[in-house]
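Please go over the structures that come below.
Okay, so chain A shows up in both of these, paired with chain B first and chain C after.
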Partner chain A sequence: MSIVTVQLGQCGNQIGFEVFDALFSDSHCPQGLCSKRENEAYQASCKERFFSEEENGVPIARAVLVDMEPKVINQTLSKAAHSGRWKYGQHSCFCQKQGSGNNWAYGYSVHGPRHEESIMNLIQKEVEKCDSLNGFFIIMSMAGGTGSGLGAFVTQNLQDQYSNSLKMNQIIWPYGTGEVIVQNYNSILTLSHLYRSSDALLIHENDAVHKICAKLMNIKQISFRDINQVLAHQLGSVFQPTYSGEGSFHYRRNPLGIDWQVRPPLSGLPTLGKMSLNKEFHFNTSIANLVILRGKDVHSAELGAFKDPALYTSWLEPVHAFSVWKTQRAFSKYEKSAALVSNSQFLVKPLDMIVGKAWNMFASKAYIHQYTKFGIEEEDFLDSFTLLEQVIASYCNLGF
Partner chain B sequence: MTQSVVIQVGQCGNQIGCCFWDLALREHAAVNQKAIYDEAISSFFRNVDTRVVGDGGSISKGKICSLKARAVLIDMEEGVVNEILQGPLRDVFDSKQLITDISGSGNNWAVGHKVFGSLYQEQILEKLRKSAEHCDCLQCFFVIHSMGGGTGSGLGTFLLKVLEDEFPEVYKFVTSVYPSGEDDVITSPYNSMLAMKELNEHADCVLPIDNQSLFDIISKIDLMVNSGKLGTAIKPKSLVTSSAGAFKKRQEKPFDAMNNIVANLLLNLTSSARFEGSLNMDLNEISMNLVPFPQLHYLVSSLTPLYTLADVNIPSRRLDQMFSDAFSKDHQLIRADPKHSLYLACALMVRGNVQISDLRRNIERLKPSLRFVSWNQEGWKTSLCSVPPVGHSHSLLALANNTCVKPTFIELRERFMRLYKKRAHLHHYLQIEGMEESCFTEAMSSLSALIQEYNQLDATKSMPAEDLPRLRIAV
Partner chain C sequence: MGRRRRRRRVDPADAARALPEAIAALSQTLPAGPSPETFRRAKFDRPEAAPAFWRLLFCVLSPQPPNGASASFSPEAQVRSVKLALRTQGYPRRALAQLPDDGSQGGRELLLALAWLLAREPLPERLLAQNRVQLGDEMHVCECEALASPGPPAPSVEADGCVDIRHLQWLMGKLRFRWRNLMASQQEQCALLGKLLRRLQRENARLQAALEWRRRELVFWQWMDTVLDACPPEASQPTFLPRIPTPGAGALEPLVRELQALQGELREAVEARREAWEAGVGGRGPEWSAVRTALREAVGQDLAALRRACERSGSLAQPHGPRRLVRTEAGAPRGPGLRAPEVIEALRSREAHLEVVLRRLQGQCRQELARLVGALPGLVWILPPGR
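On to the complex of A and B.
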């Protein structure tokens, strides 16, 4: 089963490149720490998911590149072609001349409708190249104008046109101390719209990845390339093939097959007012955890601690909330590696901060004229705030 | 990629413009070694086959044949424009994109705005439309002028209304040179005041420049160069004031050093739109991020470093010094002290070998000493462009929407009042058709309202930033 990636905006395209590069490098890594046959099965599975074959043997990424101005896409295409190992499709990009100006409203209300047909056609073409489509992986940032606004628009369209396929959005959470002054507005508008059309939001925070580069990897002068490569490494270790269960002979066919839709039971929940976030949580409460193990000794790894009921919300049994995928084939030359994908309260604090800052700015009406100019009115902001406060409240209540 | 058109109006505007084109060519020559006409260079230049007569000569890609500036030159006297057309840059300008007259505006805003405005309106429209037609995707007009005279001030601001009506979707960035205290033009307060009203109402973004500040920067550089404090020589191309390596090999004229600073400002402003980088910033993002309310669109700028030492081997400390300097009042291009006033928003446009961690480290370091308005505590917009300016390994342009512009406006109002109270020289204006006393009083109200906005913001400076009560959700 194949995944079609849609890379949007500068961030989406820069990261997209690193992701495909990481996936390719790993799948062609000679030291798989497993049998040759195993390695070949892994490679074939990875290839089917992320690359399609070209006549002269250079794999083409199953990706559509979208940006409203040409510089980044040009760079991305040439970097891929330059490597000689894989590349992007010649006709897989959509580009305009003038960017979205960090304006969510422009990306969503102007670029979106204007270029809807062209972009969706490109995606359709890519989908047709797949034997069977599993879903879409949409890479975008929240802070800017194209990734965020146009990204929200495209996701909505994917929901309408491909309602049976999974849509997972890879969202880049901006640095707390500004990259873009209106990033909080753009973020709340993006999140509230994606909540209605996306199946899963996979979040990476720039601040967190930056810390990894600084503290764990000791990089002195950290560039965006460093950050994007760490990110790509993490994503690669999640998306590369794994076995579905114990004793399976084939790699699982459904790479995005986590049950993302979880609904709490309606009865039995105490009614609560707004919770104070200053309260010390002993555990970050989860509703779902997925551990992915790769490399040596995966079958004897002890995972009991992940099944501790204290980690999970009271209305879930750990057995329903915790999954593990394994493969003996090592990832990216690491003898042993593990990845954790978690649906938990981890993001409540960052989300709360963004909503708070956006609310303060909204109260002063600063920058609002830039959005109303393109059809995003104050009510749209209020709708976004309402939806996100509900999300925050729902997650907070998991702790009970 | 988009294109921009530069409109240089009046003596000051044209002299600065001339320096700008000179340095722009120098910059592109340094980057574009193979002389291919690429998208970066097309943002400011057309590629023309000069053998073709008439309009058909434009070449959109391939080798550079002959570069023509996307510029419109306007002056109501012929001296400056003639000099440009006879100088080393004569081939860069399209002779059809000029509007000149002979008599000049006599340092009278009303003559520039009302008389020449109506006289040349058609011609202006025609030249603008022509320059727009030559653009694939026109994004921005850069208007360069001075506030104190007659042409730049009057006709320059008349232009803004024309641009607004004819090209409503194109941004208007105005670089305005404000008169300094020792201005020799007696009526400059009138001209500046009348021009301010137009800037308030029709510009998207204004970059005010003060001659005195430019002069102080030059004095500072001269002091450093001549004091012998520096063990090794300064790289000549790196001086923000020099045109070393550029086309104009003529003797540097008195204002050239100052004009080069402004030219460098415009180059750095557009660098991230023209060249690649890990965090791009397009021109439409400047307005989006730095203008929280439509009327507060005055941005204070500062450029660092002012020069590079020849034996440079960038230690991190020197890089950090660049960031510190950007906030010092000595580096601002108007007389302003942003550190002691209130920030509404700040943009840092970095060029060269600087990474995101350097940027973040310096923002964290400098933040505590700066005061931001309560609703925009993290009001930073940043960009990283990989291509450094000529002669430097890295540089920084800081644009601040800060209440420190207020003193400039207050001083302007005071100088105006001193003249207006006595009705001195007023008859020169009132005798022009279309001019009445109400023009003056309206301009004054407009400026006073603007000052009041800044006052209100300043009043919030000492108040603690409170979090407003959020929406309550029933679960």
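On to the complex of A and C.
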């Protein structure tokens, strides 16, 4: 089953490139630590999901690139083409000459409707190339204008047009001390809109990834490329093929079929790259945890700690909340690797902080005119605040 | 039963059409089959026919990877591969081997080679069987792949009492998710069925072409006689045997001596080890000879089982890999392949053999444990109940 990726904005396109590159490199990695047949099955599965085949054999990423400025898209296209190993489709990108000025309203209310048809056509063409569509993977940032506003608009359209397909949004949570003044406005508008139309939000915090680069990888001058590559590595280790359950001999056909356990009413999913549990004063209660193990000795891995009922909310038993996916095939030359995708209270604090800051700005009506100018009224802001407060409350309630 | 009268008045127009139709039918059964016009040009050794025939022979003679990666072979590589394959099969005409590697000439020789291949074996039928559409009606005979899968977890029965509404909402969400998965799977199933149908249609067309070919092939062979006549006479040695490098007289001698020396060394080493072993175990008492006889018996049984397995030669020679399930009439003559009762029989005997081995191993474990018990006085070992 195939996934169609929609890369939005500067952030989305740069990360999207790294993700496809990581997926491709891993699937063609010769040291898989498994039999040749296993490796071939893995490669075939990865290829079916993320790449389509052309006549002369160079795989084409199943992706649509969208941005309101041409620079990043052109860079992305040429980087992929230069590698010679895979590339983007020639006609899979859409860009304009003017940006969005970091204005969510501009992205959502102006660019969206204006370019709706072109963008949805591109996506439709990509969908038609798939034998079977599993869903959409939408990569965007929260803080800018194009990724966030246009991203929310596109996700809504996908909801309407492809109501049976799953949608997962990969969201980049901005730095706490980010440069965009209105990033908190953009964030809350994005989250509240996506909350209603997306099936799953997979969140990466820039601050957290930055720490990984600094502390774990000891990179001195951390560039966005480093951050994106860490992100791509994490996503790759989630998306590459795995077996579900014991003793099945075909790779899972449902890559987005992570039982996201949509609970009432939110689907915010923070993802942790390491298997460290958040041992804070009050337990980080989870609704759902997914552990993905790759490489040596996966079958004898001891996962009892994840089935502790204390980790999960009172109305859910661990057997329903915890899943494991495994494969012996090593990922990206790491002899053993593990990823944890967790739907838990982990993001409550950051979310609360953003909502708080946005509220403070809103209370003094700072910069609101930039949004009302393009059709986002104060009521829309209030609706967003209300929804997100409800989300925070639902998550806090998990502890009881 | 009267035979059909062979002598019928043949309409000249029909006669003219018969050859191209026969060739067209043949072409449809072959991968990359050229048109009847190309065949005609090949008879007159026209250069434009050569590339098509090189490609055809390449597809026919080389095992093709399923995703058709033949594009990765350059024309020269294809030509060389065809020549090699024909030589391996014993193709007698030297003229073909002397054709240039760039694939620009040789239409007539290639046509003769194709006819030679067609005459030797039922080529269209073999190719069709090889490339048939996989319908998924296969099963594995050997049990290596059949790991028991535990199946989906049983739905847990909720305890009576107040139900948390959040749990209900969670269940609703899960249900919605499963529903959408179902829809997506059904769409996929439709798309795949459509694909399968189209492939079956194409295969049907090829099968019909194969039947057509068999009906009409006489015309083709008559025409091939004229092609052979059109060839220039061959050189004095028409048969072209593969070159076997003749070793010099002395080349084999040192090899033979070396082998004999190795054999001597091996024999000595075996003898030495056997003596050492005998010396090492000879000191044991009478219970050792009992163990030894038991061992001999076990080995004898293993050998007998192996011999039995070999005697059933061919029937279970390749127990691995998928096999198609085919229903046959009860009294129908036996085709190739295994029959279900044989497989069941073989599996049962293997099971029995494995049970024997298991019991023997369990006995050994028990003996070992008993020995350990004796070796550590004061320690209480509670053995599991013997079976």
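Things to note:
Keep in mind that, in the parts below, the second predicted complex is superposed on the first by the 379 of 400 C-alpha atoms of A that agree within 3 Å, B and C clash if a C-alpha of one lies under 4 Å from a C-alpha of the other, contacts with A are read in each partner's own complex, and residues count from 1 in each chain.
Definition applied: contacts are C-beta pairs under 8 Å (C-beta built on N, C-alpha and C of every residue); 3 or more make two chains touch, one makes a residue touch a chain.
Just so we're clear, the structure is a prediction, and the values are computed from it rather than from any experiment.
Following the overlay on chain A, a side-by-side fit with no clash is recorded for the pair chain B and chain C. Looking at the shared chain after the overlay, A:357 reaches chain B, while chain C stays out of its contact range. In the superposed model, A:180 lies in contact with chain B only, and not with chain C.
Counting the residues of chain A touched by each of chain B and chain C gives the higher count for B. Looking at the shared chain after the overlay, A:202 reaches neither chain B nor chain C. By the document's definition of touching, of the two partners only chain B reaches A:221; chain C does not. Figure note: vertex chain A, arms to chain B and chain C, all at CA centres after fitting on chain A; angle 130 degrees, rounded to a multiple of 10. By the touch criterion defined above, A:212 reaches neither chain B nor chain C.
In the superposed pair of complexes, A:165 makes contact with chain C only, with no contact to chain B.
Between chain B and chain C in the chain A overlay, the least Cα distance found is 12 Å.
Residue overlap on chain A between its contacts with chain B in one complex and with chain C in the other: 397. The residues of chain A lying in touch with chain B in their complex are 10, 14, 69-72, 75, 97-99, 101-103, 145, 175-182, 210, 213-214, 219-225, 227, 271-274, 355-357, 359-361, 363-367, 369-370, 385-386, 389-390, 393-394, 397.
On chain B, the positions that touch chain A within their shared complex are 1-2, 39, 136-137, 139, 276, 278-280, 282, 284-285, 287-294, 344-345, 355-358, 360, 363-364, 367, 374-382, 384, 467-468, 470-473, 475. Listing the residues of chain A that touch chain C in their complex gives 1, 56-57, 131-135, 164-166, 199, 245-249, 254, 257, 259-264, 287, 313-317, 319, 397.
For chain C in complex with chain A, the touching residues are 69, 71-72, 145, 147-150, 153, 156, 164, 166-167, 169-170, 173-174, 176-177, 180-181, 183-184, 187-188, 191-192, 195.
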